[in-house]
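Same chain, two partners: subunit A is paired with subunit B first, then with subunit C.
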Partner chain A sequence: MLQCLTLVTHNTASPNLVKLIPLVSIMLLMLSAFIMPLLKKKRHLFGLTGGALAILMVLSFVNVAYIYQNGGYYFDIGHFPAPFGISLRIGEIESLIALLFAIVDLMVTWYAYYSLEKEIKESRIAFFHTMNLLLLASLLGIVFTNDVFNGFVFLEVSTLAACGIIVVKDKKTNIKAGLKYLILSSLGSGLVLMGIAFIYSLSGHLSMDYIHEAMIANLDGKQNTILISVILFTVGLGIKGAMFPLHIWLPDAHASAPSPSSAILSALVIKAPVIFLIKVFYKVYGTQIIHETVILDLVLLFGVMGMIFGSLFARSQKELKRMIAYSSVAQMGYIFFAIGIGNTLGVVMAIYHIVAHALTKSSLFLAAGSFIEQTGFKHIEDFRGIGKEMPVTLGIFTVSGLSMIGIPVLPGFISKWNLAMASIQSDKLYLLIFLLISSLLNASYYFPIIINGYFGEENLDGKVFLSKSKPIKQLLPLIILTVLMVLVGFFSGSLIEFIERGVYTV
Partner chain B sequence: MQTLINNYMFVGAVIMFGIGFMILLLHNNLIKKIIGMNIMDTSIFLLFVSLGYIDGKEAPIIVGGVLHHNGYVNPIPTGLMLTGIVVAVSMTAFMLALTIKLYELYGTIELDEIQNIRGG
Partner chain C sequence: MKSSIAKHVSGLLLPFVQVFGIYVILFGHLSPGGGFAGGSILGASMILYRFVYGAEASDRKFKYHYMLKIACTALIFYGLIKGYVFVGAFLGWHNPVGTGTVGSLFSGGFIMPLNVLVGAVVAITFYFIATLFEEGDFGNADPHQ
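What follows is the complex of A and B.
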């Protein structure tokens, strides 16, 4: 850590302004969020959100470019140095995730401009934008922060805001799903706070680096307390990140929310707690302590269960959005699997899969949202022959679905391949079977939709070509997301290299 | 046994946490669930504040001149728990608001009855 600090302080080429970016991006989003209720016209609302997100995207890009050249840095909020004040730590992973969040949220907002008022009341649109920006701000806070208590506060803000974008659609099922999410999530935050209390009693610090130093210094006889606290963190963040047996809130919430909300929830909201969990594992406890406990094996077990059972549940769903929501459970299983393998490649692939899945799942949800919006149907069997009516949208769905299944070049394949490599590296060959089974299961529920959509005489009967297709300007955000996803697959080598430079393992 | 008695604050907090947790998890009545959440949070606040307490020292409030820095209890956990209380209050308020909404829509706040109505 000290090496890193000195490295950063010796950079002279305009470092100070760049280092303000993390704080400025959070402040920008929060300020815009609270201006939102003052605005009335739809154009102004979307203009402000879009503007804020576009600025955020540019800033995040500059940040990534700076970190690519100079490496990560610390930022002390209010110039109080670390043990007393809150510090942010921005490295390769954090900057990349911030850029990802900004891009996905901007594209979802673009999509929402054309379709949001069809799903929710006109008067709720301002509320949606407030919650959306607040949510993004708190997610960035979770990603950037180097202080566990600060992370907890941001987690709570993100929970409330995420619940806000679920209940924005004033239906019975939404209120029920929102309340279910809120109850389970508050259970999770209670556990996380208890975990923080335990490690505070062990170390007397809240800043991640200082906790780590204090823990390494007096490790003897504290193994039980450490184990309890790490389990509290894993279960607490596992609830928020939809780890398999704790995912029960996810399908209801993600399926009933309006499509732009579903995309944000599935792509961003469940990812930030996982990044926080990785930070807790490798920055707070450190590789040495984590490998002495059984926690990584537990995470691996839950990950494998998620991969298999998530897909099995997805297969048996009749509604399209519920199926995609269960597919999210399966994909989160991959991420926990990657963390659970426990070597450097595993953690790198967890981050890579977070990037890949965020882009893929947001475009899947938006494509599904377009089907539902244009046809009025919800069930999978009603979407036979949709490929003739909406060929471009189904094309986007197909590419994303192929990535989920793991067709070469697409990011889903890259993560599965490297996960297989990571399992071989850590001498756990039997894991390859689960990867294979899960891929086959993925194929078994994405292919029927695609094949029934494009082919089959009786499916295409009576469908008029392009009759329900959206204009190209409405499809552009989906196309951009898909292109970005393919690019993430194409340039996976340099992306993985970039993530590897910033990975936390010491 | 002696360790349990020495760490009575820990033991008490964990028991209270367990009570709150089980109420939150197992009860069907939403109001009871919210009460359970508050019990759970309060146990953590107690634990945190007790962590910062040093026997025989004063509260860190300056009255008539500063004592030696050894004269005060640790103020940081107390400060943290102020934030924690604010978070818990806003969470409770939001949950209560949603509960009212749910009651208007379903006519009940028992979750098992709501499951039975399903889709209605």
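What follows is the complex of A and C.
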């Protein structure tokens, strides 16, 4: 009897516990978020956030390792299975993105421990942490969920929490940027909700797999409704993911927020809706339906426009953080470009570029934040000769900038190379020209900062070596992010293979 | 609003409003209503008190840091109970409360405790939002903060 019992518990417990990880990670973040307002001391706040994020990172790593061996799985929440209740689908892509989010957020929190109170009031630190953890929980929810309406709810939560980390600075520009983001994002989620209403009326389901089955079953005569709903999804999620003509909220929000918030916004917040968009395209509609509509060409067009115009706008900026923010628009352009190519390699490279860009852009924003914090300047002009005063930080900035430009081995090059391959595969050779132009434009605004920072007689005149450098423990999160970024470039082969196993297309 | 008529009338009215709010919360699993509806009635009664008796009297009665603690604790307990249900559904644990007899107050498993927690959070959030529109910030309202 006892033996039988242990056998049963052993059989049910050991494989199942890993499947609890997605639910537990969302719950852990939400619970820690609401312990924050009860804490007073800065050490306790950061200790709890850091602890929760470290646990999250370990759990996500275990999850990735499990999925690497056993493949993806479904998890039904509550007592009701899929068509009625909510289910989560965690495959290779979702687990990888969760691990990425956990690592980036942990590093940003580590950086924020030393610099956050210089940018925001001390009484707002608890609020920042509450919003940060809620935001991460909602982003993980968007990534994990297999239910479109649940995705919408998490999108709304992420909008409000992202507004929270923008307005935490209490300046006029922040409140203006926060309101702009709130209005545009609410518009975006409203469009997503309308899209959900359309596909619900077509299929009678909210769970992605069931919608897909129902849509395939009664396809004829519904082409227009499908087109309308897919456009609603694309525009709604495009606003949140900063697709080019809809990006107008991004530069204000990212440039005015405190640097840790900018890093989180740029690395995580605009990525989760893109994952959701890919899921909507390939899990809800499916490859066959999506290729019959014009939507992928539209996404490709907007992606190309984002790549070119984002870089052009970035070139004309005077402020460092605004320039990096516009560079985010350009890099999101690459991701939409990759989705728009429409073959498997394109989608794989979209995911790979999400990983690469999250690591690169968070370290760029944190490096820029260090420059601004140590010198007090904001404009690119004033950072001449910064390489002598802060050599390590500018070194990190340089490596990240080189990755953005696309120097071999670094992840930016890998994605550009594979994007070129994907364009050739789908017989769209003219796209290579846009890739080249965009890379040259990237170089044209990252190189001047790096060159003026390190070289030039008059630039270095009167600067004292290492005079403004931060201590090593404050630079460590930046260094870790940069090392991880280089590793993502080095081991791109196995990473791309891992993503390819979980990609939704056929 | 310093009218003595309003003070007398709301002094008579408030206990009934609050009892009704608590009733709606507690019987949410048996009749129309529930945590959100009852909580908003409770919150409305607190806002009425603030508008009629003034901000100072209201701040003395509903202290900001206590309210914040109650709301956060309620949210944490909500998360723990709901998490227990979700995790328990996956691992096949039994509901320790049981369903009870249908129609009695103590039935419906976790629904009533969850309604109470939601009611507390909603009432306090409504009151905070009203305070926020009046004062512009919570910080002014509380000397301890």
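Note that the second predicted complex is superposed on the first by the 491 of 506 C-alpha atoms of A that agree within 3 Å, B and C clash if a C-alpha of one lies under 4 Å from a C-alpha of the other, contacts with A are read in each partner's own complex, and residues count from 1 in each chain.
Simple rule for what comes next: contacts are C-beta pairs under 8 Å (C-beta built on N, C-alpha and C of every residue); 3 or more make two chains touch, one makes a residue touch a chain.
As the structure is a prediction and not an experimental result, all values here were calculated from the model.
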item	value
Superposition-derived comparison: subunit B or subunit C, residues of subunit A touched	B
First, second, both or neither for A:Leu160, with subunit B first and subunit C second	first
Touching partner for A:Ile35 - first (subunit B), second (subunit C), both, neither	second
Partner chain in contact with A:Asn16 - subunit B first, subunit C second, else both or neither	second
Subunit B versus subunit C as contact partner of A:Met27, first or second or both or neither	second
Partner chain in contact with A:Gly78 - subunit B first, subunit C second, else both or neither	second
Contacts of A:Leu312 with subunit B and subunit C, given as first, second, both or neither	neither
Subunit B versus subunit C as contact partner of A:Ile175, first or second or both or neither	first
Of all residues in subunit B, those that touch subunit A in their complex	10, 13, 17, 20-21, 24-25, 30, 33, 37, 40-41, 44, 47-48, 51, 76-77, 80, 83-84, 87, 90-91, 94-95, 98-99, 101-102, 105-106, 114, 119
Touch list for subunit A against partner subunit C, complex	12-13, 16, 19-20, 23-24, 27, 30-31, 34-35, 37-38, 75-79, 123
In the complex, subunit A residues that touch subunit B	149, 153, 156, 159-160, 163, 167, 172-173, 175-176, 178-179, 182-183, 186-187, 189-190, 193-194, 197, 200-201, 206
Complex contact set, residues of subunit C against subunit A	68-69, 72-73, 75-76, 79-80, 83, 85-87, 89-92, 139, 145
